[in-house]
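Two complexes come next, and they have one chain in common, chain A, joined by chain B in the first and chain C in the second.
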Partner chain A sequence: MLRKLLIALTLGLMSSWTMAFAQLEIVVDRADLKPTPIAIPDFEAIGVDLATAAEISSIVKADLESTGLFTVTDESAFIQKDLNIEVAPRFADWKIIKTDALVVGSVEQITRDGNPLLRGSVRMWDVYGEELMRFEDSSGRQVSGRRFTTTPEDLRRIAHKISDAIYTRLTGESGYFDTRIVYIAENGPKNERVKRLAIMDADGANVKYLTSGKFTVLTPRFSPEAQQITYMSYEGGMPRVYLYDLRRARQEVLGNFRSMTFAPRFSRDGQSVLLTQATNGNSDIYVMDLQTRENRRLTDHPAIDTSPSMSPDGRQVVFNSDRGGSPQLYIMNTDGSPRTCPSGGRDVACRITFGSGRYSTPVWSPRGDLIAFTKQTRGKFHIGVIGIDGSGERLLTESYLDEGPDWSPNGRVITFFRERAPGASPNLWSVDLTGRNLRRLRTPTDASDPAWSPLLE
Partner chain B sequence: MPSTAAPIAEEDPEDLLPDFEEEKDTEEPEETPEEKPEPKPKPAPKPPADPLADFLNQSETTFKSEIETRKKQPEPKPLPVVDKPKTALKDAPKPVARETRRGAGARTANTARIESLIVSRIRNECWAGVDDLPYPETLNVKMKLEVNLNGTVADLRLISPTRRPLGNSPMGTAVDRALRAVNKCAPYRLPKEDYDQWKEMNIYLGLGFTKK
Partner chain C sequence: MRSLMMTSASLALFIGVTACASAPKEPEPVVTPDPVVEEVVEDVVETVVRDDSMDNIVTEPTGPAKGSLQDFQVNVGDRVYFDLDQYRLGADAQDILKRQAAWLSSYPGVNILVAGNCDERGTREYNLALGERRASIVKNYLVSLGVDDARIQTVSYGKEKPLAIGSNDDSWAQNRNGFTQLLDGVVG
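Right after this comes the complex of A and B.
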């Protein structure tokens, strides 16, 4: 009996061993990044004209295509036409045209308290998985679709909100379509350049000018709530840092500095502004509390220290200094305490760039892991990124003049301005963090110094 | 106020949109009838008097017969060259296909070729990769796939992670893309005579699975 039991055990083991190893093992470690094919038929119009519904769906298509991560399937390829947001599609019809995701939406007019409103609704289907792709709403709940309501004048924002929801669902990262870009609009001859503060939607629509152009303005930056802009203006003859309140459409000088101030940037909590003050040819970095309007000096060095940018947690500041002989990037603790430097030793400010060339305009990424910068080397300018410990430098662009990077709120895209050749007009551009999808942002005038707002509420 | 916008209110779609009742199409798309593996004839049920003794007797007989069979088997012939044209798969001799069942260390050229066919299809046509996501080296997905004889997906399960993380996360996206890739690559057009080799497979997608 024991012998039989042993035989049975042996056979059982042999059989399971054979079965386990006979199974095919398919290992694919990487693939060429392919844009995800996505179908976005025109949204159904309920109580609104077809053009309104079509406009919203076309904005969604343009938003998603602009990322380089999606290809929108051509409408002429669609087999199923009778889509309804409340009915599952015929998946076979969408598999044939090789689309991965299908977006079905509707736009309707509703009335609330006697006021006409537009409501955009959207659902998304995983064509190959043959299931509804559930979204996460703003409170973190899993929902079967997204629905946004606003006034008819703001229909573009409904479209951007829908784009953000789709982007987030398909990439796992928050979107950046319902955002704005503030920049310097330029026109006129080079020796009499008029520079105005301008603001537009992230896709280039709704351009508005915030200043008249009477005084030159530079380096605008958004507050974290996207309701204020800090920038430098020559109003009054001397460069000073200003605050512009978007709700009240009013500006004010920031602080009572006796000498010129420039290169402002909000802290991540919006409670203070980092800026540079130049006194007797020496520039140092200060932080101003916006409540008390008191300054605190962050750097005290005979070299030029400028372009400060705070880490997302507010504990560190990256800035640009020529204290080592040429402009390089340095990191310091916001409280000024000594830190261990990546290159060894302890210091108040640690140098993180050692490559050949001159580094400037550092900006800490919203994710916190990278710093974007401008680099000038061998007669060319580049936009690049580097790890906060100085590792993994990557140059994303190259041109006659590329300068002034700023991050999209999800840390995925960098906007900057470019002059292609000596004397050429500056324009706004964007590039993906991977260096792909370099695109020009269309503006009605020449443009420079772009800064991205956070996602709007 | 030119520079501010009206607020966008988000409404609860769960309350406003009813959950779907999947509509049955009146006109089903034309589909080729699913081919199923030929059912094996079932032996006539004989209730054993002592099930355990009966099973052990049967095992011993099987074990002896397996030893006899192996003794009688000739030495395995050299396997066909791997770099044959793909069409050669269809003509692959059945005995060679059976050899692949032997398991570890006994992979045949056919197994390797089937493997490379599937890898190539997933990599080039179906999977978008995860290079664009944050920390891509951590986004590794392991799945178990069971395939019907006609190449359609019979069952697809996540092994690691065991389920898609809820909410928006890079790992959630990686899982979505992996599952979509496997479904998208179906039907798997592979040699039917080697069905035993590919009816079940483990699929690993991710940078962490890089072969050393």
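Right after this comes the complex of A and C.
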């Protein structure tokens, strides 16, 4: 059986591992990682057309390949053609084409209460270990395979759930494929840009526009329940933070602030929204309780304080401030109590960035250990990460404009937007924590401000 | 014209002869003067060649109508510029705002919207804050010069509404501004 990531790291055996006892453990952190070969033959079609089954398996392939952790074995190399999900494969046929893992799946149509449903089933084999790889299902039981059922319209979600199951089984990390991304769809000339709220599946499918473009909207963010989005809109002239309810397709102004509010972000428990209010030239951070609709001021400083993001445990807030003379990142306790700063001394807010350049848009990782940010230095923009004590800064990207990172729900991938050169239009990109797997996310229009949903139910 | 001059010459001759006659000299025989002929003076106006188009341009009043949007833009200045990352008002900006305040005191029915703008070399959220700061600095300066603050609204567009669409130093300098828009009560 496969070892867990933590054990591998603790024992420091990375380089001395042999294929004999850990061939299918994928360590997501390693920058020099060689992608694991995985074979995903077209799923068997049972009562559905072949194209439907093939569509699901091809989505699974695309999902896994997009991680940079896998290479999907070319089907023209396959020797065994008579796979059956209930029967063990001929391992020798798969070893000879150098496949580490073999995914065998089926798609069938079933009827429940008179309604047609699609059911996708999958098993995975450790080719060199010559054994079935058991999964843990959503209720924590060890199972010999995974099976997902939904309506035919949600076919893609079956595929993403299978991808998440495979990814989790092989990496020990939770997945991020059955998720959505909300973003700003842009078009038109630079000085008269139309900006609409848009939502799509994380792989770019099923794009929908949530606002008309009559009013400029910016910086959408998902609630951890995935049913609400908070964003900023110029509707009515004054920029204000709004809540959008996806189920009811309705928006409302958040709070009754008397002046401009912007830079909203949900707390990790979804019970409150952090935002910035600017009054008479001074921006400060507030937290609004979504139940009581009461707000509390978190910062009270004549400098600009904005772009707040709360730690997963809700006890700390990282934000952007120019109180030190240029935009930098600071961390404070949510209750406003003084803290011991990494640079020494005690203060209500501790600066954590000291590199050359300007730092902004900090976003706390869902895992709690890192903060993603935008950095501007020497005429370039970067997406980077830094430890919460200000140590271990790493820049993952560089271009004319890279801005606005947000984390995949498992904290392994960062999405952001890029204008690759002066005058270029913005597009959505993602990069993994190693900085190695940089990918463009295709959108029908120009796009900016991507934000990732949590894993869907 | 010609006939008018001839009439004058005849008159002068007549006066000169009369003056000479008053001198104490031997009486001379009275010379009968030439008869004074009055000729018809022609209508002067009719003979002038007019150029109507030239006349009209020269006689139009110059510049935009006082109190108009154009008057404000041309004679006062509707925007002030900021240095990179800055929100302080330089001497040029203060001069423009002094003219704006004076103009606004002449046209008390005009209300304004001051927009704070930033160049594209910053992040959206920070620029929204910086733009708000720039708009407020402009507003506060106008208020300090006597403009009623109830007449001044502010908004920040951050980097979302650039005046210049280039990606170069010139465009960025133009896009770091406080832009005064006349809302209502404008003449013409």
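Here, the second predicted complex is superposed on the first by the 425 of 457 C-alpha atoms of A that agree within 3 Å, B and C clash if a C-alpha of one lies under 4 Å from a C-alpha of the other, contacts with A are read in each partner's own complex, and residues count from 1 in each chain.
Note that in this section contacts are C-beta pairs under 8 Å (C-beta built on N, C-alpha and C of every residue); 3 or more make two chains touch, one makes a residue touch a chain.
No experiment lies behind these values; they were computed from the predicted model shown.
Chemist: Mind working out whether A:L456 is in touch with chain B, chain C, both or neither, as first, second, both or neither?
Modeler: first
Chemist: Looking at the overlay, what does A:T168 touch: chain B (first), chain C (second), both, or neither?
Modeler: First partner only, chain B.
Chemist: Check the residue A:T334 against both partner chains and state whether it touches chain B (first), chain C (second), both, or neither.
Modeler: Once the two structures are laid over each other on A, A:T334 reaches no partner at all.
Chemist: For A:A263, select first, second, both or neither according to whether it touches chain B, chain C, the two together, or no partner.
Modeler: Only chain C; A:A263 stays clear of chain B.
Chemist: Given the touch rule stated above, what does A:Q316 touch, chain B (first), chain C (second), both, or neither?
Modeler: Neither chain B nor chain C is touched by A:Q316.
Chemist: Is A:T179 touching the first partner chain B, the second partner chain C, both, or neither of them?
Modeler: A:T179 contacts neither chain B nor chain C.
Chemist: Sort out for me which residues of chain A touch chain C in the complex.
Modeler: Touch list, chain A to chain C: 189-191, 193, 195, 216, 218-219, 232, 237-239, 260, 262-263, 276, 278, 280-283, 304, 306-307, 320, 322, 326-327, 358, 360-361, 374, 376, 400-401, 403-404, 422-423, 449.
Chemist: Could you pull out which chain A residues touch chain B in their complex?
Modeler: Against chain B, chain A makes touches at 1, 4-5, 7-8, 10-11, 17-18, 20-36, 69, 85-88, 90, 92-93, 100, 119, 121, 123, 126, 128-129, 132-133, 136-138, 140-151, 153-154, 157-158, 161, 168-174, 178, 199, 208, 210, 227, 246-247, 249, 367, 432, 434, 456-457.
Chemist: Can you tell me which positions in chain B touch chain A when the two form their complex?
Modeler: Chain B reaches chain A through residues 1-14, 16-20, 22-23, 25, 29, 31, 55-57, 59-60, 62-63, 100-104, 111, 114-115, 118-119, 122-124, 127-129, 131-134, 166-174, 176, 179-180, 183-184, 196-198, 200-211.
Chemist: For the complex, which residues does chain C have touching chain A?
Modeler: Result: residues 85, 87, 120-126, 128-130, 132-133, 135-137, 140, 155-156, 160-168 of chain C touch chain A.
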